[in-house]
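Labels run A, B and C following the written order; every chain starts at residue 1.
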Amino acid sequence: MKIKRIAAMLLAGIMTVGLCSCASTTTSSNDSSSEPASAAEGAENSSAEGGDWAYIADKGTFVAGITYFEPMNYFDENGELIGFETEFTKAVCEKLGVEAKFQEIEWDKKEIELNAKTIDAIWNGLTVTEERKENMAFSTPYIRNKQVVVIKTDNADKYKDIESMAGASCAAESGSAGQSAIEADAVLSQNEFIGASAQKDVLLEVKSGTVELGVIDYVMAKASIGADTDYSDLMIVENVELQPEEYAIGLRKEDTETLAKINAAIDELVADGTLKQIAEKYDLADVYAFN
Amino acid sequence: MSFLEVTAQLADGFLTTLMIFGITLVGALPLGLLITLGSMSKVKPIKWVFKTFVWIIRGTPLMLQIILVFFGPGLIFGAKALPRLVAVIIAFIINYACYFSEIYRGGIESIPKGQYEAGQVLGMTKTQIFFKVVLFQVIKRIVPPMGNEIITLVKDTSLARVIAVVELVKAAETIVALKSIIWPLFYVGAFYLLFSGILSVLLNLAEKKLNYYQG
Amino acid sequence: MAFLEVKNIFKRFGKTEVLKGIDFSMEKGEVLAIIGSSGSGKTTLLRCLNFLESPDLGSIVLEGEELFNAEQKYSDREIREKRLHFGLVFQSFNLFPQYTVLKNVCLAPELMRIDQSEKKLSRAEKIQIRKEIEENARQILASVGLSDKLMNYPCELSGGQQQRVAIARALAMKPVILCFDEPTSALDPELTGEVLKVIRELKSSDRTMIIVTHEMGFARSAADKVIFMADGVIEEYGTPDEVFGNPKSEKTISFLEKSLENITG
């Protein structure tokens, strides 16, 4: 009998996950994306009597879904979690009176994590996009990042400007801001495109010579490429700037109360200069959104 | 990052890999036997339920099952999710129990009817026949296919990272992401090779030990 | 009253009626040979006596006690107890491959006397029982000429030796009637002799036996009574001289002619 129930759950689950993943990848089609969202709302009502903030206040912790990368969330020599987003999250949570918790996630499952309530926010350099707005709520953007082109230093003379890049193969993380930047660019959109599963894989593609150009965000590029890394033979092409992007905190769409509280906390941190200080500490002053 | 530091960090991930491997084996070996008994049941509905269950589990990717066990409760029922490692281990145990159950079934069905009848005419009970006559012969027959599954399990543990459990591969990826060095990703291969190598030797020994008689 | 009485046994598998009313009886110490072409139902009859098959109709009475009646239901435990009156030696030996010759013979008696024992046995008692069983097994194995193979595994023995172990294993359970299901059919011709010799020796010690066999010469010389079966019924019954020397039924005559051809041709 138990087995029957598990089997039923499995079947139901397979269908639901199917729906959710459809919802997170399709760009339009309101009908299919609204269904799992309303299911999640129903679930929420049954588990937390108060509003969405009461649910977080009750458990006393706020779980930020992250992946580890410098300079956002990473470890210092002592194994302490540090980084711009780490300190930002802690600062906001302090204002809200809850404990900040960090949960590593697989980036391509961030929407599932959020809706399954295994995390409370995606807070890890999340780019604001129109598609994502359909499935989650965004806080005030706090970083204005740009997409840059990464090449091998050997090719420094070959690719000096955007015109010289015509016809060169081009990689970016699938579904990332990098991909949309390529699609929006008159030259790059005509080139062969390779979709990698993560931004760091884009670097790997460029380094191993499987593609000529890699498009990743400036923050990531600046932190990953350098003299004492394995990517010391890569460089950012100066003077080529693609479509800019904004980073914000991603929340469950129905968590309106939480969103308001977080935005208020951000305002305070901007006003008293705390956020700018954190940005400077992690060398992000040039992309800080409130300059 | 030095070789030793990387090794130490990977060893942490490897510990999780070992844990998933070990607990899965301990759980799936007996659970598989229960599923075998269910799928060989003379009561048709029970047999049907077990066979369907095995079909579903073997017919869908383990990765999907892990995602389902972890996210399913929250997405479908709004319930609290299990701890990540627990979810992974549950999915692994169920998945591997189904594969094991089919191997057990094959082993049990390959034992000639005459062995059961010989036990019967000698006045043994059904339990005695199973444990004193059949079981050992089944074990001897299933060690080679089980060995295959067990080696596969070593490598399948890397699927745990789909819900961000930091096993060996994920540990290496984290180093790659944070330190911008690539070689740890290939270094993990050495861990897997060493571990599956030790297992192969042990399984070979077991096979040799059981080979004192033929048939 | 006869020692064993088999009354009106019917058995069908699906639509095939294999036994159609088998009646016979035998006396203590008698050797009964059952002959007949394959498919005549003789093996099924033997399996009914050993409770490996359950007859649809009929009864089996041993020494005045009704062991089986098709109208009654028996529990596993009852069947286990009742079948111990009979021993069975299979055509394909069915030895336990993972055990030594000695253990093959000792296993069932040990399980019965220790594991199925009503009262809890002390360690010393268990050791004592094991010792007795092993001693008995050694004697039986010596009597079938296998004293030098006690620690060998079945796969290391010839077919004839394996069948002699199987006979010893059946004897160790001290059956009242020992049954053989074509004990030499799976053997190379040069190995049948040693098995038949053992069975002859058992006859000389007055053991009651039922032997399903294709060995006509053996049936004629060793059996006290012979049953010839055809199409699920007993076609002919009598002493070897009557059945082989003066058969009455057409079917018996044609069967005997054919088997004679096989021997000479």
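Just so we're on the same page, a residue touches a chain if its C-beta (ideal position, glycine included) is under 8 Å from a C-beta of that chain, and two chains touch if they have at least 3 such contacts.
For clarity, every value in this text was computed on a predicted model and none was experimentally measured.
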Between chain A and chain C, the fewest steps along chains that touch one another: 2
Chain at maximum distance from chain A, centres defined as averaged CA atoms: C
A-B or B-C - the one linked by more C-beta pairs in contact: A-B
Chain closest to the assembly centre - both centres taken as Cα means: B
Inter-centroid spacing, chain C versus chain A (mean Cα positions, whole Å): 79
Chain centre separation in whole Å, for chain C relative to chain B (CA means): 45
Interchain centroid distance [CA atoms averaged], chain A/chain B, Å: 35
Residues of chain A defined as touching chain B within the complex: 3-4, 6-7, 9-14, 16-17, 20, 36, 39-40, 42-44, 46-47, 67-70, 74-75, 103-106, 109, 112-113, 115-118, 198, 200, 203-204, 207, 223-226, 229-231
Residue ranges of chain C in contact with chain B within the complex: 50-52, 76, 80-81, 83-84, 86-88, 90, 92, 94-98, 107-108, 111-112, 115-116, 153-155, 169-170, 173
Residues of chain B that touch chain C when the two form their complex: 112, 114-115, 117-126, 128, 132-133, 136-137, 140, 212-215
List of chain B residues in touch with chain A within their complex: 38, 49-50, 52-53, 56, 60, 64-65, 67-68, 70-81, 94, 161-164, 166, 174, 176-183
